[in-house]
Each structure stands twice: as C-alpha cells, then as structure tokens.
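To keep things clear, I will list the structure first and then write my remarks on it.
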Amino acid sequence: MEEVAARFPFWMIGALLGVGVWGMLGKRSLVKKLIGLNIFQSAIILFFIVGSMHTGATVPILWHGQHNPHAEDFVNPLPHVLMLTAIVVSVAITAVALAFMVRLHRAFGDLDEERILDELRR
Amino acid sequence: MEHLPILIPLPLLAASLVVPLAGLWAPRAVFPLSVAAIALSAAMSALALAEVVAEGEALRYTLGGWAPPIGIEYVVDHVSAFVAAVITSVALMVVVAARRAAAREAAGRRGLFYALVLLLLAGLTGMVVTGDLFNVFVFMEISSLAAYALVSLGGRAGMFAAYRYLILGTVGGSFYLLGVAFLYFTTGTLNIADTARLLAETEPNISVAVGAAFIFAGLGVKMALIPLHLWLPDAYTFAPSSVNSLIAPIMTKVGAYVMVRMFLSVFPEGYLTEEVPVSQALIALGLAGSVYGAYAAMGQRDLRRMLAYSSVSQLGLLAVGIGIATPLGLAAALLHVMNHALMKGALFLVAMSMRMGAGVSDVRMLAGVGRRMPVTSSVFAVGAVAMVGIPPTAGFFSKWYLSIAAIDEGLWFVLAVVLASSLLSAVYLFRVIERLYLAPAPVIAGGADDGSESDAAASAQDGGVRESPLDVTLPMALLALAAIVLGVLNVVVMERVLEPGL
Amino acid sequence: MIWQLEMALYALLLAAAVLALWTRDLIAAVATLTIYSFLAATLMALMGAVDVALTEIALGAGVTGVLFIGAVSLMKRRSVD
Amino acid sequence: MRLFALALALGTATLFIAASVDLPDRGDPDAPASNYVAPYYVEHVEEDIGVENVVSAVLADYRSYDTLGETVVIFTAGLAVLLALARRERHE
Amino acid sequence: MSERHESALLHFMVRAVMTPAIMLYGLYVLVHGELSPGGGFQAGAILAAGLILSWLTLGRKSESSIFSRRTLIVVTVLGMVLYTGTGILAMLFGGDYLDYGAIPLEWLDYALPGELTRRQMGVFGIEIGVALAVFGTLSLAADYLTAPRSGDEEGEEQ
Amino acid sequence: MGEVISSPLPFLVVLAPLIVAAAAPMLGRWPNAREGVSIAGALATLGLVAALLPDALEGKAATASLVELSPGIEVTLRADAAGMLFALLASFLWVLAAVYSIGYMRGLEEQKQSRFYAAFALSVGAALGVAFAANLLTFVLFYELLTLFTYPLVVHRETPEAVRAGRKYLAYTLTGGLALIGAAAWLAMLGVDASFRAGGFLGEQRWWTDGQLWALFFLLVGGVGVKAAVMPMHSWLPAAMVAPTPVSALLHAVAVVKAGVFGMVRVLIFVFGADLLRDMGAWQVIAAASGATLILASFLALRHDNLKRRLAYSTISHLSYIVLGVALLGPLALTGALLHMVGHGVTKITLFFCAGAIHVRTHRDQVSGMAGIGRQMPITMGAFALASLSMVGIPPFILFTSKWYLGWGAAEVGQQAFLILYMVSGVLSAAYLFPIVIRAFGERSPAFPRFGEADARMVVPIASGE
C-alpha cells in the first residue's frame, strides 16, 4: 500500500492533465476552455510540488536563530519558487483570457466556439 | 561592456515601463521612446555578436551575482547573439515602418500598444539570451501574453483568433514547463549547461525521453509545427497589419531557436535521434508542413492569410533543418531563421502597405497595383523570389544548405520535398506578382462576374491607390535588400558566425 | 502525512476538476474551480509547500475566482457543453 | 477536433503516467532534485542573505531574475486587459 | 433593522473593518515574507482582494476613490520601476544586474533598527515592488472585468 | 583546358547589361536616350566579349572569381572556348535585337517599353553569365536568373494568354532549375569540385554507383533539357509565342533555349565526359529523345498555320539537332553541334525578325494570310527566303556546314541511322518553310501598305549568308 501511495500522486496528476487538455481542446464553451486551462496548469504545479517533497522533511523556513541547517530536514524550496511563478503566470493568462471573453461576448452575444465561427464565416 | 548580455533585453523592459505612462501624459513621446529602446537593444545585440565573433567564445553573465547552478545566467554565444541581432533589427525595421498603421489601428491606445510591443520583444530577446530552462518559460509567457494582446486588436475576428491563440499557446507553454519538470527531477538543475552535463551522465530513461517529447511538443506549438499550427493562420490574418508584420517574422523563429538550443546544448548529442524519435518526428512533420502550408497557401485569396500559410510551409523547412540535427542542418535552420525573418518581415509590410495604399488585401483586387505602388510591389517581388528560393537571394542558400545537410544524412526524400514545396510556393507567389504587374486580367477563372467585378474595382481604385510614404517603404526596401545582400554574403554568416557556434 | 487523507484529497480534486468541466451552469463551474484550487492548496500545504499554498489560495482561488465571477456574471450563465 | 482533443488528452495522461515510472518516488530523499542545487539554498541562505524563509530568499535573491520576469508577466497581463477593455483616450 | 440601517452597517463593516483588516493582513504578509510564508505576490494579491471586495460589496466609485484607474496604473508602474530600478542600481554600483550585495546601504543602519544586511534590504525592496505591481494590476484587471460596460464599441466593427 | 589567366573582363561582360538594365527605367521618359543606351550597351558588351577573343583563341581562359557562394564554391566566370562561342553569339545577336526592338516596339506602340529594355538586358546578362559560368553552382545561379528575367518578357503583353504562357514557362523552367539545384547540392555535399572541365569531372571519381550516376544524369539533363525544349519538356516554347517578336528572338536565338543547349553541352561534355557517358550508355537515352523530338517537332511544325508557332516547332526540332549532335559524343558531331548552335541562332533570329516585321506592317500571323506579301516587302521576304534556305541546309549557308558536320559525325561514330534522321528532317524543314516563301512571292492578294522597317532586318540576312 505504501508503494501505491508513493506512485499514486503521479497517476492522479496524469489524469488531471488529461482532463485539462480535454477541457481546453474538446469543449466548445470558451469559459470551459479556460477552466480546463486552469486545471491543466495547477496539475503541473502539483507535479512540481510532489517532486519537491522528501520524507521526514518540513516546510523550508528556518527556525529563528538556527545555524548550520541540514538540507535533508527541509523540502526542496526550488520547485516552490518555480511554482509561485507558474501560479502567477496562470493567473495572468486567466485575466487576459477573461478580458478577451468579455469583449467576445459583447461582440457575438455568445461564448460557444462553433456559433462564433458560424457568425464569423457569415 | 561586461554587462552586454543583460543590456539586450533591459532597454526594452525599462522602456515598456515608461511608455504606458507616456501614453497617458505625453503621447508624442511614445513612438520615439519605443524606437530608441529597440534601436538600443539592436545595437547591443550587434555589439554582442561582434564581440562573440571576435572573442570566439560565449559571453556569460550571472544575474544577481549568483554563479550558475544556484542563480540564473545569461549566455550569449554565437547562435544566441545571431538570433538576437536578427530579431531586434528586423523588429526595428518593422516598428518604424508600421508607425502609421499602428497609429490608426491602435488609435488612442498607442501607449499600451507600444508597451506591449516592447514587452513582446523583451520576452523574445530574454528567451534567446538566457541560459536557464525555467527562465525560458517565464520569458516565453511574457512574449506570448503580449502577442495575444496585440493580436486581439484586430476587431472581433482578431479577438477570437487571439483567444484561440491564447489557449493553444498556453498549452504549448505548459507542455514545455511539464517537460522541464521531468528534466529537473532527473537532473536536479535548471541551468542549461549543467543539465547537458548531467544528462550526458544519466542512463537514458523514459522520464527524460517523455520530458523531451513534452518540451518539443510545447515548442512545436510556439513555432507552429504542423498539427499544432492551428492558431497561426487566423492570428496572422486577423491581427492588425502593424501587429502581424511584427509577429510573423520573429515570434515563431524564437520557438525554433529554443528547439535548436535543445539540440545544441541541452540533450546529449544523438540523444534526440536515437533514444527519442524527436528528430524523425521533426523531419516528418516539417516536410508535411512545408507541403501542406504551400498547398493551403495556393487556395487563399487574402494576401495575409496566404502569407500565413506560407509561414507554415517555411517553418516546416526550418523544422526539417533542426531535425536533421547535424551542425550543417542546424546552421541551415538558423540561416533560414534569418532569411525567413527578413522575407516575411518584408512581405507582411508589403501587405500592410497595400492595405494602407490600396485599401485591399484580397489578392484578386490587387490588379494593377504594381504600377501605382512601385516600391511596395518590387519589394514583394524580391521577397517572393527569395521565398521561392532562387539564387542569389538569401532564401536559396538556406534551402541549399538544407538540401546538402539532408543528402549528407542520406535523406533523399527531403531534397525532393524541399524542391516540391519551393515549386508550390512559386505557384502562389507568382500568381500575386502576375496580379500586381499584369493589368486587370481575369485570368483566375471563376465566372464572368468575378472578373468584371475585379476590373471594376481596379478601375475604381486607380485614383486612390498611391505609394506609401518613405518611412514605410524605406525599411521595407532595406529588408528586401538585406535578403539579397545577405544571400550573396551568406558564406560570411556561415563561416564567421554559425559554424564556430555549432 | 497520512496517505489515506492524501488519496482522498486527490480523488476529490479529480472529482472537482471533472465536475467543473461537466456542469453547464457557469457560476457553478467557477465555484467548483475555486473548490478545486482550495483542495490543491491543501495538498500543497500538506506537502510542505506553504508558500505555494498561500499563493494558490490568494491568487489561484481568490483572485481567479473573483475575476471569473466578475466576468461570467456579465455573460450568459449557461454553456452549451 | 473533438476526437483529436480526446486522443490528445488520453495521450497526455498515458504518456505522463508512463514517464513517471522512472521518476523517483514521491518523498524519495535520494532524488536528484533534492540533492544537487536545493541543499545549497537551505544550507547557505543564512550566511548569504540572512532570510529565514528559504522560498523567499530563492525567489527574491537567488533567482530574482525569474521573479522579475514573473512580475513582468503580471504587468503584461495588466496592459493586455487594459488594451482589450479600456476606453480609448480621447485627448491623444 | 431598516434597509437604510442595514446598508449603513454594511458600509461600516466593509469600510472600517473588513477592508482594513484584509489590507493589514496583506501588509503583514509582505513584511514578514522573509520569516514566514508569504511575500510580494501573496501580499499584492491580498491587498487587491481587499480593494476588490470593497468594490464588490459597496459598488465601485473608482473615479472618486483614491484608487482611480490612473492611480492604479501608476502604482503598477511604480512597483515595476522599483524592481528594475533596484537591479539597475546594482549595476551602477558595479555589481551584476539585481546583485543587491553591491548596493551600499550601510547608512540605512542608522535609520532602521536591527541588523539588516544589504541583501535583506534588496529582497525587501523587491518584495515591495512586486506587491505594488501585483496589487495594481489585479485591481485594474478586476475593475475592468467586473465593470458592466467599460469599454466602447468602436473596436467591434470588423 | 589550356592556361588560366585572371582577368576582370568576364565579369565586366556580365556587368555591362546590368548597367543598361539599371539605366533603362531611369531614362524611361526619353525613349531616344533609353534606346541609345540599349544599343550602346549591346555594342559595348560585344566589344568586351571581342576583347576576350584573342586570349580564347590562344587557348587561354580569362577567369574572374567573385564572392564565395557556399563554402568552397565561388562564383567564377571563365571565358573558355565553348563559353566564348555562346557569348559571342548572344552579344552579337543582342546588338541586332536591340536595333530591331526599336522599330518593332515603336511600330506597335507596345506598353512598358522601359521594362522591356531592362528585362531584355538583364536576360542577356544572365545568358552571358551562363556562358562564362565556370562551375555548376555559378551556372545554376545564372540559369535561374535567366528564368526570372525572361519572365517579364514572356508576359509582356499582359493578356490572359500571355499570363498563362508565363505560368507555363515558369512551371517548366523553375522545375528544371530545381532539378539542377538538387544535383548541385548533392555534388556540393560530396565535396566534388564541380568546376567544368573538358572530359568531365564525374569520371574522375570512381566510387559512384550506377544508380547514383543515373540519378545525377536525369537531374542534370532534365534540368537543362527543359530550356533546350527536348520533348516531352517542350510545350512552354510554343506557348511563349504570345510574347512580342523580339522576345521570341531572345528566347529562340539569343538566350534561353541556347542556354539550355549550351547547358547540355556543359553537362554532357564538361560534367559527365564522353567516356563516362559511353560507359553508362546514357547517350542513347538523349539520342533517342532528341531524335524523336527532331522528327516529331518537324511534323508538328507542318500542322501549324500560325507563322510564329511554326517557327517555334522548327526551333524545337533544330535544338534537337544540336542535342543529338552533342549526345553522339564524337568530335565532329560536337563541332557540328556548336556550329549549328551559332548558325541556328543567326538564322532563326532572321526568321523571327521577318515574322515580326510582317506582323508590324500587316498584323497578320497566319501563313495562309501571307499570299503575295513578298511583293510588298521584298527585302523582308527575301531575307526570309535566304534564311529558309539556310534552315533547310542548302550549301552556301552556315547551316549546311553544321549539318554536314553533324551528319558526318553521326557516321563517324557508326550511327548511320541518325544521319538518315538528319536528312529526313532537312526535307521536312523544306516542307514547312518553303510553302511560305512560295506563297509570299507567288500569289497575289489584296494590297498592303508599303513595307517599312529599315535597318535591323537588312543587316541580319547578310550575317545569315555567312
């Protein structure tokens, strides 16, 4: 069971990635595409965080006044930093996409990809 | 000039902060500021290129004063200096030429527009000079976000194209990030040189293989490799002219550059050919793309859409060069990066100039424009000839080296496909030239009313069509001229710049 | 960390993701997405990434949720799929 | 398109899961990621910077350039939203 | 309670209690980013959330509020300038870009309590810049996104 | 190949037409100045080529190297004997064509004359480049430029028909050019020094497999064969007849098809070499193709009533004379082929000029409409008659000499069948050319205005008479 627990996160993240891709490319609603995008990106973020763990380690914040900290006591801080960036990027993209969406809704009165395409072809 | 590497993106970044404020309070300063920043960046890139060529080794720069695996470093070697110089100078030309178009298309929002242009360029140059895998992602997202925003200026169709571009572009970026995650978890570092060293030591395993696959899938989206090219035609067609003439020549090229970087300095030699079939996939998709793009371009009536599909075609050739992965193949690809940037810059500027001067971008409506807009039309002719690959234009030589590299590897069909796609591009490009220069002739069949309609349009236009002013035509002509001069002098580029770097 | 709890959280996460894409009521979808973010943040906190968890809650759940709701409330509430 | 999307989604998921087989287990203390650069940050942050939150230290100093890029991303997004939605400035 | 009272109470709660509390928490997160979880991004997001929350509950009077759109742009740019400027300053003092160690800040020792190293000061400066930029941008984005019809329709034509 | 001396002359020869091309559009407002420049440029070019002659006669090849095009491959121009022959032909005929064009273009008040003169000069420049190209890449370079520069000429009329012809022209010649590029790339990749040498450079490398050699053969011969209009790659040539007559003259006599034929000489003799071709048995392929073309084209010429079209098929037929002569791989046949190249150039230009003159004066293009025309335009038709005699191969004319050599050459290598072929085709030439002459002089028909065009066409026949 422990074995399974050690691999389990990867399976779930894989599934989430799949769900995200499906949402982005398979859904017709523009909102749903954006939701899929968010799911996809946070799955990647989770993946990085899972990789940053190690057993018996704790939050990468030094105790006050502690000297000569041992690296194995703390989880790997680097992926955390990267993921802070990734979260910010994903929020930025979401904001821009929402701005586009508001304008698209005003222009087409709809957020369905197919209908917008029909409208554009006319 | 120890700070040279950072000085390539920094002027752009700094100016992008000032420009939106200038847009609010001093709109007149927006354009000069932006151009000055781009010119500065271009000068710094050129300087860096000169220094790298003179010194023969890469300039390294630690950001924040932390040595590489700990901090982030900038590496300006032959290849990155070359690409940086190409994109900044092409961008300079395009931005200057697109001033009037931008003033109209981004009326009242010029500050924001130019700030985003600067950010786009900052992102691209940042991607080029960085020596850190994650930093590539961050700057890729900067440039992509700016590109989405700029594309969205093109009315409601542009907005929709931008939205789809955003979704697909983000898929690409995220795939890249996922790939980097795999590499990071296998090696423990993000620095490119360090990753290369550690990857060479590790046993080939499926994580790295899939990581490579994800990275290339992501970059494939960014450089519009064939099944991932879906965003490109709409984005290029519906974006305002001032934007697509900027994005088309440089944006996808940087994606290609990162691919070259992956082959060159991330994965061990032969890894991407033997362990993971990335090379083979690139060649196959590139060939398919080069033919499909040219074929699709033949059926287009809108000049910009035609050029967009032609980009798909040319990028396919680029991918083939990268996929061949020998030093000669990569050199051919990089030379093609330069050539295609010059040619596409010139051609999209032509499309812009024609929209401004003749008010049309439908190929069928361009009849007789050749006489009214002589400079624009001759730039188109030169660009087209270079695109087809007729010596001694630059376009010929990248195809030439590409063919040599392909034959060297025994890939005969590559030669055949390259030649076939050149022919196809001749078909659609010369069709436009016919239209431009050969008076209203209803050659392209399609019913009598079709012909008479375009005749009527042509005669109606005749009064209104006039050549664009000098600030549009001069940069355009310079780009076209560069396509010829650099073609004749290609050996200099190859021997002084590309070969030492590969 | 208790692996049973972790597994349950992952399962909930997946369920939230699927639900967010499934439901045709966009407000509900956005709400589910916010829940998804919270669950992800919880997992991150459990794995020792408190900084990331805090950011995910503030930015991922909070700001994204607000922006989504703000934008979606201007639009049609139902989606086609 | 839908089939393509479904194939891509399944492909991504399977590819990822297949690839994760060779990754170090979750929590493996011997994982390369935890043993190469990361320890440096934890062990030297005190003397280098004197910041107790290692993540903050890495974010704002060791890899501050990434953070700059990240802030620029936010800034770009802000400008993009403005460009898409802002009323045009009339006085120009 | 009458509707008017209710509204007044809401105003009071939001204006005097909630928003300041959230903002204060944001500042805390910012200042303590070096010691505990948090930092510029989180702080900026929390500050923005405070502002947006007050907008959402009370309705936006962005023109009259101290955070007008123009102000927010300036705040954003200010944050960015703080960040890039710190980097350039380091270059001017002979270090690499963003190498805070090169900026001589010893004179600050007299002004501030405690023993702050140059790098700590640099980190702090950066975090403030980030917080400002994030706060400004997110507030702006939320302002525009939640406004019923803030843009004009000129851009909608083909 | 004898001694090599360094000289800027070959470069200047190619440059001179470029200067004309640059000047022509600038002088667009002063037609007299423009055409003066054109003629002066043509004469200057001829002078420069002539200046190269003494060295060439002594067996020295003046060589000029320009920029490096690809590592190790420079643009090199070298005036060797074969190249000199072609260059002399092209530059000499350019002078005639330049003079003639004035009358023709003004007579018909054609549009865009500046573009015409510029493109004409550029085409001649490219043809001279082809003549002097010392290696395969330089050859390809100028060969492609020739395609490009002649395109505006082919579509000069800008009618739908012209545009269609232009497309066809581009499609054929660009494909041929690409085949050449492919072959050149292959050789460059192998590091073969692709400088033209008498006896060929492929034979020096002994490690070719048969398959590779054949592939190269088809790429190269196919590439030059398009411009040489060997069937089945000929159909662009009759289509291009829609262009103004001086252009036809350029295509048929001065530059394009001659460049193709000259390329055939280069490829067969200077790339492969006679020995290698004989070993491969490849010459039979060309001989068969060109032999078939010879006869078929003659028959097709018979069927066409349009004068220019008839002449076009005649060109196709006569080009195959040359190609066949080269392919026979005998020294006599080669001499005959080169002579025929020159002779055909001179003769065909006369015929075309006559056709053009008729068109200018009478606007008639059909053979059936030319009854009695000889009475009205005696000089023109006289020249036409002389040229026809030469074409058929009647003794005092140059084409008799070349045919003599060709036939003798065929006999020399033991291919009497081709000798017979040559004779049959001579008869066929008579069959499609003489009726025109007879009709022109013999029959009477409605009166024409007096004949006009002066100088150009009066010079030409004299040249044709050797």
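Letters are used for the chains, namely A, B, C, D, E and F, taken in the order the chains are written, and counting of residues starts over at 1 for each.
The criterion applied here is as follows: a contact is a pair of C-beta atoms (placed from the backbone, for glycine too) under 8 Å apart; a residue touches a chain by one contact, two chains touch by 3 or more.
As the structure is a computational prediction, the values presented were derived from the model and not from experiment.
**Student:** Which chains does subunit B share as contact partners with subunit E?
**Tutor:** A, D
**Student:** Quick one: most central chain, C-alpha centroids?
**Tutor:** B
**Student:** From the centre of subunit D, which other chain's Cα mean sits the farthest off?
**Tutor:** Between subunit D and the rest, the longest centre separation is with F.
**Student:** Looking only at C-beta pairs in contact, point me to the busier pair out of D-E and A-B.
**Tutor:** Greater number of contacting C-beta pairs: D-E.
**Student:** Please compute the C-alpha centroid of subunit A, do the same for subunit D, then give the distance between them in whole Å.
**Tutor:** That pair's centroid distance is 10 Å.
**Student:** Taking each chain's centre as the mean of its CA atoms, how far is subunit A from subunit F in angstrom?
**Tutor:** The computed centroid separation for subunit A versus subunit F comes out at 68 Å.
**Student:** State, to the nearest whole Å, the distance from the C-alpha centre of subunit C to the C-alpha centre of subunit F.
**Tutor:** Those two chain centres are 76 Å apart.
**Student:** Just curious, how far off is subunit C from subunit B if you go by their C-alpha centres, in Å?
**Tutor:** 37
**Student:** Taking each residue of subunit A in turn, which ones touch at least two of the other chains?
**Tutor:** In subunit A, 5, 9, 15, 17, 19-22, 24-25, 34, 50-53, 57, 59-61, 64, 75, 78-80, 82, 84-85, 87-89, 91-93, 95-96, 98-103, 107 touch at least two other chains.
**Student:** Could you say which residues in subunit B touch two or more other chains, in rising order?
**Tutor:** 13, 17, 20, 24, 63-64, 134, 138, 141, 145, 148-149, 152-153, 156-157, 159, 178, 184-185, 190
**Student:** Residues of subunit C that contact two or more other chains, please.
**Tutor:** 50-51, 55, 59, 63, 67, 70-71, 74
**Student:** What's the complete list of touching chain pairs for this entry?
**Tutor:** Final set of chain pairs in contact is A-B, A-C, A-D, A-E, B-D, B-E, B-F, C-D, C-E, D-E.
**Student:** Which bits of subunit D are touching subunit C when the two form their complex?
**Tutor:** Residues 53, 55-56.
**Student:** Could you please specify the touching residues of subunit D with respect to subunit A in the complex?
**Tutor:** 1-2, 4-6, 8-10, 12-14, 16-17, 20, 23-29, 31, 33-34, 37-39, 41-43, 45-46, 52-55, 58-59, 63, 66-67, 69-70, 73-74, 76-78, 80-81, 84-85
**Student:** Which bits of subunit B are touching subunit F when the two form their complex?
**Tutor:** That would be residues 385, 388-392, 396-397, 399-401, 403-405, 407-408, 415-416, 419, 422-423, 426-427, 430, 434, 437-439, 441-443, 488-491, 494-495 of subunit B.
**Student:** For subunit E, which residues count as touching subunit A in their complex?
**Tutor:** 35-37, 39, 41, 134, 138, 141, 144-145, 149, 151, 153, 155-156
**Student:** Which residues of subunit C touch subunit D once you look at their complex with the stated criterion?
**Tutor:** Those residues of subunit C that touch subunit D are 51.
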